[in-house]
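Chain lettering (A, B, C, D, E and F) follows the sequence in which the chains are written, and residue indices restart at 1 in each chain.
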């Protein structure tokens, strides 16, 4: 029995709210249980220097946690003057995952920046971010289509993400903070709508895991991501 | 007639929601019209180095805007590696205003840090921040009282803030972003419950203002702040 | 009786020395009693990126204190790797105040940067800076006129600044460091030659002030600024 | 047939040279083909602040590339004033992998820092770093044992790492730079001597991979890591 | 004939003004022709961490140029967020030169920091800084003696510095900015009262110099430094 | 008798290995006894902004020490976020010395950057760097000639460098770390093939040196540099 009474293969309640704020071209509040992340998509009608003149667009992500989104306050990264290694690792992961959704040629010379800001953190902020950001990105691409800035929909398909772990030898889906802290192994998985992998990131600082456990975790993740993609589709009204 | 149909001396709809997030000792979402700021108060049972051993506490504030809280995306300060002059100016203002509410001796050797993070910005973010942060601060001080960490309530009284401006020669209360951009003069006023001033910050880059206009603006601010303090009291259930 | 024997409404001895250094287009040493600030104006025949092609100029200011201008040595900001919040607040104030003196259209696509470097600090460094910088700015604009880089004098009028405070219930003009440290309230006022306000910045961390006290302070400031403008005019030989 | 004539499941020539430099407690040059990384282990008889008084040690890693270790020169991170997100991601990975080798309690209150500096980069720098650093770490722990600074060997077992990828649908072991650039998928795997996983990091920016491909890659990695552990053992004279 | 009519072996007019500002324990304005540097000495009754408990003191220096001390404005180092390589090179040189004047054991556990801030720069700012700073340092050490903070005078002897160069094959003493810019070789020399060398720093980016030219330059420097030491003695009233 | 049995005027064994790494246009490992520095030369077919359109090239250098190149580990400069004053001083010295070897007009609008990374440090890293970098620079210029990017060889002649010192009154050539730490005086000398000086940098923090000692040291340096230039020529196959 899990700390919050869930079954081993059960997601926390998922909620995806579009148009959460007014100004961004895409704005999604995503909730995985108590974890809440605001994902906004901003369009810039230009591309970074390394892509100038290549006839393609770019998708990138930034990630931050509000200082008191967590159980104890962390320093504000803007005040410390740099982003932590963890922050950079996460925003690079989100960016790669989102680029896998998009045909960058069809995006034209536009950049979409997704800001994932954690309002409340109870584990799984990076996987919630990817799941919410995917929806915000689609909203922003639709703005480009409506404004006739691009002709063809650059969307290749949905992408969502979930964490899985091993606790006392058993695989668990969608870890909350307390589970995450106690797990022997922590695996973050990003998958496409068609059931293929974009990213697998597994870490076993405490206790190595076996091939068999890896397989159990990947199977759980696949199950969870399917449900998350259904939630995304519902939110999008598909 | 104002851009959003308000009377010259009319506040935008004000909403103060306590316990907006779970972990902070005080957590308030304050809304002035479309402006939304999350104010969290965090307790640390120690004081900064310059106060060690002086038998008093400290109250300080940090301020940030989510990159896409505004009409166009601004750079993330954590990524740029420093806080702007504007950010620092605002967080210093919020900190001073909140310290004016508190008897630091009675606070004991505790520090309360108020984080004001702007979720959506439509003008008046610093005055909304002060108004919401005052409530979050009270919630945090009450936690200290309930936990018997301090014996006497350090609260000296409520404080709230509002902006006023002069537009085409007439004084306006509580400027939204578009008014703020077009005003000749912009005055931010922080007052106590008893009608005294904590801060007056007036700027007239476009067109200087007269003593008379200053008086009109201060009178409007006084009127507005009285209403804001009523809202704070309602939110606190007083 | 004040600590330095002045009357409540008396300025410290004011001295404005033009052409204090050789290379700058404007170079003024301003002294308010023991406070000494070197204000240099430098012309750059271009504008910042955000003004390119708009047919107007720009005036901006930077501020710094020599590490041992004060009673005890402060860290050198260049060595610490960043300007403090206080420094940024002050240089933004100086910049806004000076821009209020200038018709930026008439300035053409030129930038004038005023550096205010505090040689010795005994309170009132920001108000002395504004008062001296105004003269250095005029000298630099005259260089542009003499060099035929611009056709029309961009000067709209003189601007000067002074601090006022409340100490034991009484309003004081032009606070020295020791008065400033003990005051309940501290108000910095910037006014034009024609008696209108550019900036009012009042702070009452210790003890809030009443409307009545605000009025007394503003009246004192008005009186002091009139005298400062006379000093500026004398220095300019007007 | 691979670009360098290797079989799909063939490692590049591996060379592990101990005592490569004179001063470090462990100093290993590891070569995977043209990739050369100098791994030095330094002992510090104290622990970071967050571990003070907990009776355990710490193992951490830093990573850097010489500016011209690569085909074209990259900026020196020390000159740019910050480590890139990639650098931080890699050094965090190395640190976690090495900590999985060590019983931190038995290490006592000592810190071992492993510096992995890339002399020449031809793909696989992070996996070569882990493989070489493991040996340097053991040398340093043996110094502690010889100096009687610790009583029991903290080593839990060897750890090594390799990259695998999918290129035109086929899985490849130990990618060189050119293969890495063209691969659809890139997976870095860290395993223990006993065949369990420490880290799996797979990325498919170009083209998602299937469960089946994941399995093929993991099997290849397992095969490669077994050989790398044999090389480590030879180098250690076991 | 030199640009400013001096003989080849002639110093510019030298002026050393003590007690130039009020608060520092030593405060000297040194002028070498148009070059003006304010040198302040500040006492701190502690030592840097690396000297704690060693029963000795420390002398260190910082150097800065006001942004418009030069012919064209340079960026403010505090605003750019770092000191240039040139600045660091110079302040290290000043610090080493001053430490050579002092018996650090006799200084006790005190630190004297000398700030050399260039008000106006016409070449030779580093040599003027050393020459003026030496006097400020003595004034500060005398304060320590008067306050009975130390028992024995730590002064080992005076130190002064001058630049020499080769221009069109001839050696010149004490280069002004224009000479410095055109010289083939530039040598900065620091010597003691007893005619021994503390530092020699010669640079010939344009055209290498011979052993013979080196000897001529060192002879000229010796001659110049003798005169500077007489000026220091006069200023000190010795 | 010296600590490593050398005669007073004897260099440590010198070894210059070209083509040490694969990708750089010039790549030299230089060894002065236990001191080992990797010097790579990288060509960039453009020039820094301040030289654009002037029809000349640029040569610049960067310097770094691997954290554990030394007896005890130093912080990684990239992690600390800035280069130390010592690092900047050294890389400026290397850059000036190398530019003295080159006719920048003949180099065309190309930049050659020399990275000097210290693998192992036993004193004399800056002089070894210059000596090795000179060879790497020649290799890179020959690449430009072979690729017909430039028509005329920009080389003006070889340059090498050595340290000399005074220990217990006697002059020593090519100081190792232990000698360097104990020397009263430390002089770094850079000379051309034709026996002229490029740089002389002497420092006597401990004990000033006489004109006579300076002469002895310069004579020793001249002797040592002649031998180093022979080693460079051998390495180059001249």
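Things worth noting here:
We adopt the following convention: contacts are C-beta pairs under 8 Å (C-beta built on N, C-alpha and C of every residue); 3 or more make two chains touch, one makes a residue touch a chain.
As the structure is a prediction and not an experimental result, all values here were calculated from the model.
Taken together, subunit C and subunit E share no touching chain. Between subunit A and subunit C, the centres computed from C-alpha atoms are 50 Å apart. Subunit C and subunit D have Cα centroids separated by 58 Å. Averaged C-alpha coordinates give centres for subunit E and subunit F that are 28 Å from one another. In subunit E, the residues touching two or more other chains are 81-82.
The cyclic arrangement of chains, taken from subunit B and going next to subunit C, is B, C, E, F, D, A.
Across the interface of their complex, subunit D is touched by residues 21-24, 27, 34, 36, 38, 40, 42, 44, 62, 64, 66-73, 76-79, 81-83, 87, 113, 115, 117, 119-120 of subunit F. Looking at the complex, you find that subunit C touches subunit B at residues 82, 85-86, 88-89, 91-92, 96, 99-100, 187, 191-192, 194-205, 208-211, 214, 218, 222.
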